[in-house]
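In what comes next, chain A is part of two complexes: it sits with chain B in the first one and with chain C in the second one.
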Partner chain A sequence: MTADSRTRTAKAARTVTQAGGRRSSAARQRRELLLVAAVFLAPALLALFITRLLPAGVSLVESFMRSTILNPTPRFVGLQNYAELFADPAFHSSLLVTLVFTVILNPLQVGLAFLLAVLYSRSGRTTRFFRALVIVPVVVPPAISAIFWGIVYRPDGLANALLRSLGLPEQPFLTSPDQALGSIMLLVGWVGLGYWMLFLIAGINDIPEELYEAASIDGAGSWRKHLSVTLPLVRRPMLFVLVAATAIHFITFAPVQILTRGGPNGSTNLIMYDVYKRAYDLRDVSMAQAEVVILVLLALSIVAIQFRMMRGSDR
Partner chain B sequence: MNIRRHTAAVALGASALLVLTACAGSSPDADAPAASGGDLEGTLQFVSTQVPEKMAPVIDAFEQAHPDVTVEYSQVPFDKYNPVLQQRLGAGDDTIDVYAVEQVNAAQYAAQGYLTDLDDLAEKTEKVVSESVFESLQYDGALRALPMLSSTQVLLYNKGLLDAAGIEHPSADPEQRLTWQQLTEDATAAQQAGAKYGLMLNQPEAYYQLEPIIESAGGDAGIGGENNLEVDITGDEWQEVLGWYGELYESGLAPRGIGGFETGPMFLNGELAYYVTGIWNVKPTPDSEVDWGVAPMPQWEGGEAVTPVIGWAIGANPKSDVPELARAFAEFVGIDEEGATALGTGTKEIPGHLEAIGPVMADIEATAGEHAAGIAEIVEYELNNTASAPPASVGFPQFQENVNLSLADIRNGLSVEDSLEKAQEAIESAWKRLN
Partner chain C sequence: MSTTKIVTVPPEYRRRRPRGTRSPITTILQVVVGIIMIIPVWWGAVTSLRPSSEAFRFLDPLQLQTFFPLRASFDNYFALVESDLGRATLNSIIVSGTTVIIGVVTCAMAAYALSAIEFPGRNAVFVVVLISFLIPFDAIAMPLADVVRDWGLVNTYVGLILPGIGNGMAILLIRTFFLAIPHELVEAARLDGLGWFAIFWRIYVPLAVPSLIGAGLTLFLFQWQAYLWPLLVGTDKEHMLAPIALANFMTQTSIDYGVLFAGSICLTVIPLIILFSLQRYFIQSTVSSGIK
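This part shows the complex of A and B:
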């Protein structure tokens, strides 16, 4: 073996040793990274378990149990709570009211949020000012918003003063079975509009400017560009907004509890309020737990349909 | 590498801290008393709907009598009170030692196991409270709570608005009380003469306020029968009185869409000619320019005078870590004359203890000034002659909730008959699930 070949062999051996060292070092680094990740994630996972998964599990289990005022020891009753719930006309009414509320409010709110997002996605001092105005209701706690709108809807409130000044007849708003749900929708829509708009503005600002330039070269006008460029490319944030809005609308509670208590004539008895009423006003926690499970299943079903529809439009 | 290790250690420490912080909240109270034997000591948690300033005199008096005791008081607003208590007591919360409970709900709280048996105090209690109140605090043959506050309703009127309409002021003499029909006529005249609204009930959608009018018209409480678990709210008297009630709002004599907490300010702003309200609103009104007077609650034409007497009781949580202290405090507030007087003068409400009513009413009349002239005699008369409490029933919360919803619907213009039938069905359905 020549001196050169010995040197090469020694180098090769060092290289192999170094490679082995690097591999074991990389594995150690991966393990340490995983440990760090696990430690950082632990509080969040623990909180998720304690505040979300555990209560959900308890609800599911208790929905198959029955404990009543005169017989407080929980006992297994299978699907009896569900059967009695589905036989209750008040539950049918609450379910219908919730579906009408969600089906009407969701597209209106998300559609309007999209239009505002298109309008306010351009930069400029005036735009920023108006954008801030739209966002303001988001920072107001729901209970305060409800009280504010309660004053607006009073018989001698702001809304009727406005109608009077326009020469229009006064309206009963929250005291009419025909108008109360619409009045709650307006309130909830007002609160959430700015919030959803923010997500859509972020989505619009991510669209490359070249696509609009290309559309302009092809002769597309402003509306055409929004229909053919903005709308398809903002689909992902739109899906998030649609799903989140659906979930939030299904658990609308504060305005109903503060302003109408489900009335008049059950016209605003949204399912989340119905759950509260059964649990704390009627003291029937078992039935309320069954209703919570149904509420979650319903919301998940609608969210799944939305995912499917949006995925369909991807193809 | 070192940085990563250090970061991991910090994160681990932070997680541990979070967990420990979370656990700290559930650790046993380090200040738990060593009660029994001699005098009491320790910390007591007391919950009710009253603002803290009103409860301060009775708490101070108890702490003075027991220097080693600290009473920590929490207020929960009335409209959230029962849900909050149900949630906390239902979860086995031991941070409530003693709490106020509406007398009408005492039976249900006892049935749920949320009230300590106080039957060894029954003999002493029976001597100092009215028979109807004593009965309302029993469940399953045992005393479960002690009387705290009682109530009655009176008619307040705006002298200026009545004078403008040329209407005579109603008499403070209970024997000369108005009828509801006369009151409606006078309220209409006052509104025509310029009052924004003629008449308003303090809690416009509350069974508590409407039920005595139904009884005055010859009806009954709507709840009775075996174990007070039979309901009938569709009778003629219910329909007649609630038809009158619906018409108040239909005609615009009273406003729709106004909550109970808004009615007091409306009266003190001069918007109402007549205001039917609880004794708690007979108090000094230095910020109002309205000149008002007080008269007894009206009666139904051709019927007898009936007034509501739903009160508050005080009970001890069986989960309390300081049961002897809780019991001693409840005893002091409920059936000790000194404690009951301190409670009444602080809250400006009628104490449940009969011996304490006189001094407290004299104090209320003195502090409310000339507006409240005659209130002491009115209250004494009503408590002795016209007061009617609904029967104690474990199904009362379901009954009351559905009747109140029905009243709200009638107020908003829905058919009286349909609303009552719907409420009756809902109550029967809810009661089927009591067992």
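This part shows the complex of A and C:
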């Protein structure tokens, strides 16, 4: 008898014994599995609890409380923080700025990303090289892209130099209430363009080749083919990208904090910065917590839409 | 926005097919758009190679020298290493690196429990992971900063690293790879007397290396691109991260633009190198797993 077959026999014998006392061993096995799983899960669950769930819970609880300088012990005030927040014109204006920001930026950026995806979806070394250039801004940390663009937008910066060389008048960019939000949109749009393009290129590559051949036989030209074949067939990835872009742009913070501090005249006071200002400049923690809760709820509902669409695209 | 970046890169490379005929107009458009997109970074890189006093010198009118330095000098980079920004860049590397090492192990262990071990209550735990993945971190960063302050972890590496360790995205990514490993393998290994940890370490981890690299990149970019969190909990000189230090630099009255650009380029080039060198390896593995 070899050593190998001996262990096998021993194991077979053990299996038989286990089958004999099935109930107790099944319970023991369940307990063992639970213990092993707990050991493997503990670090991650602890980290997720502390850094994601706990602060969300703290926000929720404190959004129903109020403490003042005279009375520092927090007391329960029900929905009062929310009522005051919704009555606050500054909050209204911040919501409006965020809405304008998203409604203008997202469709423009995703539309442009689609055009770029068509442009860069073919093969070849030239395509790959210049496509890489489009992707570079994605890796730039948000604070750094804000710095680059902040210097580009300076009165004596690159943007005005370009305008001058084209014979156009110089612009104030970040210092004008009319142009500041648009300037931030341009910078945020630049950062994400290549990222969304990658999703859409993947979508374009999933389109069956035969559809293009059929369109060619029908005498469709190159751009005509993209209009009548590509566009309708990447509708799903495009919808997904649109919602994902909304979820991300919704919490835009670094460019506002670094470049405009919400100004001039509150024209760039996006909601994420409004929370920051409330908590750290105005020291109104209770209202800030209520705003965080609203922010999380809005973000979660955007992501919920996204998940529904992902499930839909599985077919 | 860093979370899903790496994961989504591969599909476009999987099928490379020509679309229609290649016209010179398309090629010209590709070149022009690519150049327009890179201009701010390129201009930053060029300016980082000239003295601060000349940062804005070649802008009026635009000329060849605006985008190509005739004399390049690395003085700004030497100045960068000696300044506080050098320390801050080192801090960023320490925080991101530590996060990747601890985070990949933590997330892989959780993914293993959620894919290989059929314990009672697994679905409930999965839902908890999913929910914490859906909460955007920046939105709850401020209440978390209050908690971390109460625990005395402000201006410590622990405080800076903490949010990066448990990453729902990384757990889900690794779990997807782990689920592709046949469960019979676990049963066979159990019968052969292999412990749960040995199965994890000797079977699951080697089979899912690409997903571990993808998760590692996700964790790295999360920390490397972080701005709000280090702004809230890492503000003293010893623990300040590079993005905060550079942003502070920007608000000073007399800005040394040469050093500012040099620092910004460093912070851009480091993730670029990591992405492009690992991407090839990551794509290779994805392609081979795709064929199978």
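Everything below uses one rule, namely that the second predicted complex is superposed on the first by the 234 of 315 C-alpha atoms of A that agree within 3 Å, B and C clash if a C-alpha of one lies under 4 Å from a C-alpha of the other, contacts with A are read in each partner's own complex, and residues count from 1 in each chain.
We adopt the following convention: contacts are C-beta pairs under 8 Å (C-beta built on N, C-alpha and C of every residue); 3 or more make two chains touch, one makes a residue touch a chain.
No experiment lies behind these values; they were computed from the predicted model shown.
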Chain B versus chain C as contact partner of A:Ser176, first or second or both or neither:
first
Which superposed partner A:Tyr153 touches (first chain B, second chain C, both, neither)
first
Look at A:Leu227 in the shared chain and tell me whether it touches chain B only, chain C only, both, or neither; answer first, second, both or neither.
neither
Just chain B (first), just chain C (second), both, or neither: which does A:Ala26 touch?
neither
Does the superposition put A:Val36 against chain B (first), chain C (second), both, or neither?
both
With the two structures laid over each other on chain A, which partner does A:Val103 touch: chain B (first), chain C (second), both, or neither?
neither
So, does A:Tyr276 touch the first partner chain B, the second partner chain C, both, or neither?
both
With both complexes superposed on chain A, which partner does A:Asn265 reach: first (chain B), second (chain C), both or neither?
first
Per-residue contact with chain A, leading partner among chain C and chain B:
C
Can A:Val134 be said to touch chain B (first), chain C (second), both, or neither?
second
Chain A residues contacting chain B in one complex and chain C in the other 33, 36, 40, 43, 46, 50, 150, 154, 156, 276, 279, 285
Chain A-touching residues of chain B, taken from the complex the two chains share
1, 4-5, 7-8, 11-12, 14-15, 18-19, 22, 82-83, 86-87, 90, 108, 111-113, 255-259, 394, 397-398, 401, 405, 408-409, 411-414, 419, 426, 429-430, 433-435
Give the list of chain C residues in touch with chain A in this complex.
1, 5, 8-9, 11-12, 14-23, 26-27, 29-31, 33-35, 37-41, 43-44, 56, 59-62, 66, 105-107, 109-110, 112-114, 117-122, 125, 128-129, 131-132, 134-144, 146-147, 162-163, 165-166, 168, 171, 191, 193, 196, 200, 221, 224-225, 227-228, 231, 243-244, 246-247, 250, 257, 260-261, 264, 267-268, 271-272, 275-276
In the complex, chain A residues that touch chain C
7, 11, 30, 33-34, 36-37, 40-41, 43-56, 58-59, 62, 116, 119-124, 126-127, 129-134, 136-152, 154, 156-158, 161-162, 164-165, 190-195, 198-199, 201-202, 204-206, 209, 212, 222, 225, 247-248, 250-251, 253-254, 257-258, 272, 275-276, 279, 285, 288-289, 292, 295-296, 299-300, 303
Chain A residues touching chain B in their complex are 29, 32-33, 35-36, 39-40, 42-43, 46, 50, 68-72, 84, 88, 90, 150, 153-156, 172-177, 261-265, 276-277, 279-285, 287
